[in-house]
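Below are structures written as structure tokens.
Same chain, two partners: chain A is paired with chain B first, then with chain C.
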Partner chain A sequence: MIKKIIFYSGFMILVAALSMAQVWKAPDQEKAKERAKERVKFIKDYKDEDNILRKIALIEKGISLDDVKNNYFLLDSPIIKEREDHYGPVRFAHKRHAALINDCTECHHYRPKDESMLETTRCSACHQDSFNADHPERIGLKAAFHQQCTECHQEEQNGPVTCTGCHLKNVPDHKDLVKLADNSDAFQVTAECLRCHDQAGEDMLKTAHWNWRGPSPYTVKHRKDVQHGKGTTALNNY
Partner chain B sequence: MQLTRRNFFKFMGATGASVAVLPSSAQAWQSKAPPDPYGCLVDLTRCNGCRKCEDACSTVNELPPPIKDVCDCTVFEKKRRPDENAFTVVNRYFSGKLDELDKPLPVFVKIQCMHCQDPACVSACIVGALTKKENGAVHYDVSKCIGCRYCMVACPFEIPAYEYHDPITPRVRKCTFCFDRISKDGGLPGCATICPVEAITFGKRNTLLELAKKRIKDNPGKYVDHVYGEKEVGGTSWLYVSSLPFSKLNFPQLPEKPSPKLSETIQHSLFSYLWSPILLFGLLGGIMYKSKKKNDNPQDKGGA
Partner chain C sequence: MPAKGVDLKMVAQNVGHSSRASCGACHFNGGGGDAIKHADLSRQLLEPDRMCDVHMGGYDFSCEECHKTRNHKIAGRSSSVAASEGKVSCLDCHSDSPHYCGSLLDHHLNNHVKSIDCNTCHSPVYAKCKPTKTWWDWSKAGDKKRKPKKDKYGQPDYHWKKGEFIWKESPKPTYAWFNGYMDRILMGEKVDIHKKVINLTSPVGSIKDSVSKITPFKLMKGVQAVDAENDYFLVPHLFPRDKNDTTAYWKNLDWEKAFIDGMNAVGLDYSGTFKWLETWMYWRLEHEVMPATFALSCVQCHESLKGERTCNRCHQDSKNVDFKKVLNKGTDFAAMKAKGRDVGDLINTTDYIDFKALGYKGDPIIHGGRFKKLPMGYKQNNN
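This part shows the complex of A and B:
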């Protein structure tokens, strides 16, 4: 009996350890990643209709906010990445934009000529690689994203318009770049950072983190004129 | 000088012969422009002045990195020109219009070598270091260059720069149209690849011309009705469309005739079969001969 208990408890601990070893991943994030990797068939012909007519057509079809399936997209298409990779992908809050604008035609500006296809296709179905010789007027996916986003953000004076407003910088993996011994002390670690980021070290010396000073009313004799701080008397007291 | 009958016929014969040679040698000037070159269409209404093209250019061509400032705005205070360290630069102009926040609306202009269809620099180059390639690039071969810098004088856009700081191996420097890259199948110039808003469209020049005209036709209020580079100096591989007149954006006002047409016509008609030097020195010789005879006579008389 005792043997059995020991065996089962051991087994359960093992199972728990195994499941702990697996990193938890956000399911919607994984779904967005998978979706971003997809390549869809290029739509050659689109229906060139008036914007207002298209709006009416969408209203008549009864397309509403409930039809927005995905909360957000990761704009990380291999179409863009195979040319260059300077910035991290943008997380585009699709449903939020849809709710805010409440007009699908603002972004889904044309529909495929083939009536059997979805009214609101994804961007990368029409906009793929840049400078397609057969469709010179069709801009590439990257330009389509940038033109659509920044133009609207500028017009509405709402939303980011700079590079890092939407993108994270593509920081290289520091695993191989940082070279430190196992038992490095604080000074060695700082020196290792400064090896490449020396300007960041210089900048730090000009910030309030290094130069702060101010009154310290709760210290000796409540003298308000005492100027404590890293810029004066204190040492490493954050 | 006495004009004898014999001398008169001699002179007229020589002149007649040279005039007879003239029409055959002075054939109409023919353009050597490639029929279907690549080009780039720069849409100034799209450019937002991010200067990523400068970054890409310096990476691709192994140039020093472009000037960086903290907010990327003071760099536009001064008008810059392409030089030996930067094959392309972006300048800022103001349209005179205001946006919703009453801020002046800028127009950004990227400048680089226009890669003319009949380049004046190629015509001026005396050693053939500069050549117009079939794919549209005006290509510079450093091994042939002797550093005369005629190309810099000839260029109507004042593009070629010279490495004056290097006394041993100076080079003429200008945009290469990423010749090595576009020679490969599917290759693109660095600036066109990186442009986030596709302000630069790469493609065949003929296609781009159609595209530019279509954009103007579809948005007549947005663009001025002028494709810069369509006809300027006989056409350039790089084309521009803009919302402002090009004269306000510091684009040179140029004639439609290719620059080499006049210079090459003069040169070729003057020097074909060396008729003009032969005539000139013939005439000079004749005058010398005559005046010598004339001078000889009084001496003879005086001696007698």
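This part shows the complex of A and C:
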């Protein structure tokens, strides 16, 4: 009996290991996802420094690009998702921004009052929920992200400034939205999609993927043509 | 349409973003199978290895994150097909000064961006995870008795429907100056059929054009039919329409009938005589970016940095910096070979992109760049 139990438990572990091994994961993204899930303790008190002096102080301390530990973050905090979840996470190239801006204090504008803590902390340590009655001066994490990113991108005229420039929009669950009888045919399904997305239907009809032809602005001698494509004039040797 | 058994209601209720699988259903299988046509796109990208494509394999990028859509129009340029609905460039995200890690080389590497496409260094070999077809001779098709032989990758060298093939895994690309525009031959366009080779597509660019960059391409070579009197390429009818089809090549093995029917379908005259002609197509390589540590090293292109004199041609020697180490950091073909890639012939290569073929007098460090001809403190007899 015991032998049997050992055998079956071993068998189950093997099956579990095999099924786990089959799940493909992108390693860098997985690490960033794990980090994005973390919640950190709220920092109540910050040191009120003049930004100009803080910048010099950090340089004097020798804090530089080499101190950037994480090149890449996924901005996907549960603090924001708790209230609303309309958009997907944002990929944030941390070190690339640090190098481009060359001034850590642009984002890490204050430090914790507690001198034993690091000079730079993550955004979500100071900016958390949007409506914290104890800290009315503190904007929430969502506002902090949007203010910091958008304003800088606008000022520098560099980087995305629209919602979908940074986020993919989450697709609402269509289980209840789609109203179709079982065994609906292609025309019925298309009509049901168009009930809400009529403009998308019109747009689709004008695309190169639908027509198998389209404008050819990057083909010399044909830069103003609109009729070339796989469905019309394309030649190949395979 | 659609295929039998597809539950369309279930499909509609689960509508969502596109994925590598949805785009790849067509684009990974171009040319009739996995990785055949697009050397840098294959089914491997469904669950990619980080070494094969760092964006998709490391960071789980979907196609639409770079090929952004607007009103269902999908941004991207194709070197093989004329239609385009907007362009995508590495620099859209990485900016025109993409090297920023505070390395000693950043300044020089960012200068390279003006003349060199990212993938020239960052994807030194193509089709690195799945072999791709690089030669397809249609004139050899039709021999049902010929037994296909398998090459070292296990790929067949022949198919009676299609002709003779050569496959390659992890080869060095062909490099050319490219300004983003392609020259292409379109259906019905007259060509000089007495030429030895005709480029169906070729990159536009020049060493003297400041916006042109050295860009990697897969060169797809093949043999196909041209109308010997009308001087344009022929379109054969291949797939049988039904059981009674009497003209499809893949049923009847008669090129004449296939050309008559095919050219009729595209609305062009067929003279009745054809000849086989070698054609080349340049396919730009834009995916399969490797992790940064596998970019080409300085010495892999610049032979001049292999000797005793290196950075100290211009910079003072410093005891704290090992110039040689800096210059040799990069792609390790021996390590790639150890992981099973077919790159044995590339170990210890120098002048990787062949400066002379690109129009330089030789290594630009010695002979000067394409616009700046500053002397680099090099004396021929003092090497």
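Please note the rule applied: the second predicted complex is superposed on the first by the 156 of 238 C-alpha atoms of A that agree within 3 Å, B and C clash if a C-alpha of one lies under 4 Å from a C-alpha of the other, contacts with A are read in each partner's own complex, and residues count from 1 in each chain.
The working rule: contacts are C-beta pairs under 8 Å (C-beta built on N, C-alpha and C of every residue); 3 or more make two chains touch, one makes a residue touch a chain.
Please read all numbers here as calculations on a predicted model, not as lab measurements.
Of the two partner chains placed around the shared chain by superposition, chain C is the only one that A:G229 touches, whereas chain B remains out of contact. By the touch criterion defined above, A:S130 reaches chain B but does not reach chain C.
By the touch criterion defined above, A:T120 lies against neither chain B nor chain C after alignment on the C-alpha atoms of chain A.
Of the two partners chain B and chain C, it is C that touches the larger number of chain A residues. Once chain A of one complex is fitted onto chain A of the other, the partner contacts of A:C163 are limited to chain B, with no touch recorded for chain C. In the superposed pair of complexes, A:Q148 makes contact with neither chain B nor chain C. Using the contact criterion defined above for the overlaid structures, shared-chain residue A:G214 touches chain C, although it does not reach chain B. The touching residues of chain C, counted against chain A in their complex, run 1-2, 8-9, 11-17, 31-32, 36-37, 47-48, 50, 54, 56-60, 64-65, 68, 71-74, 77, 80-85, 87, 93-95, 100-102, 133, 136, 180-188, 200, 204, 220-224, 233, 279-281. Here chain A touches chain C in the complex through residues 24, 26-29, 32, 64-66, 72, 91, 93, 95-96, 99-100, 158, 164, 168, 171, 174-175, 178, 180-186, 189, 192-193, 200, 203-204, 206-209, 212-223, 225, 228-230, 232-238, going by the rule given at the top.
The residues of chain B lying in touch with chain A in their complex are 46, 48, 50, 100-101, 188, 192-198, 201-204, 207-208, 210-211, 214. Residues 83-84, 86, 130-131, 133, 136-137, 139-140, 142-143, 146-147, 150, 157, 163 of chain A touch chain B in their complex.
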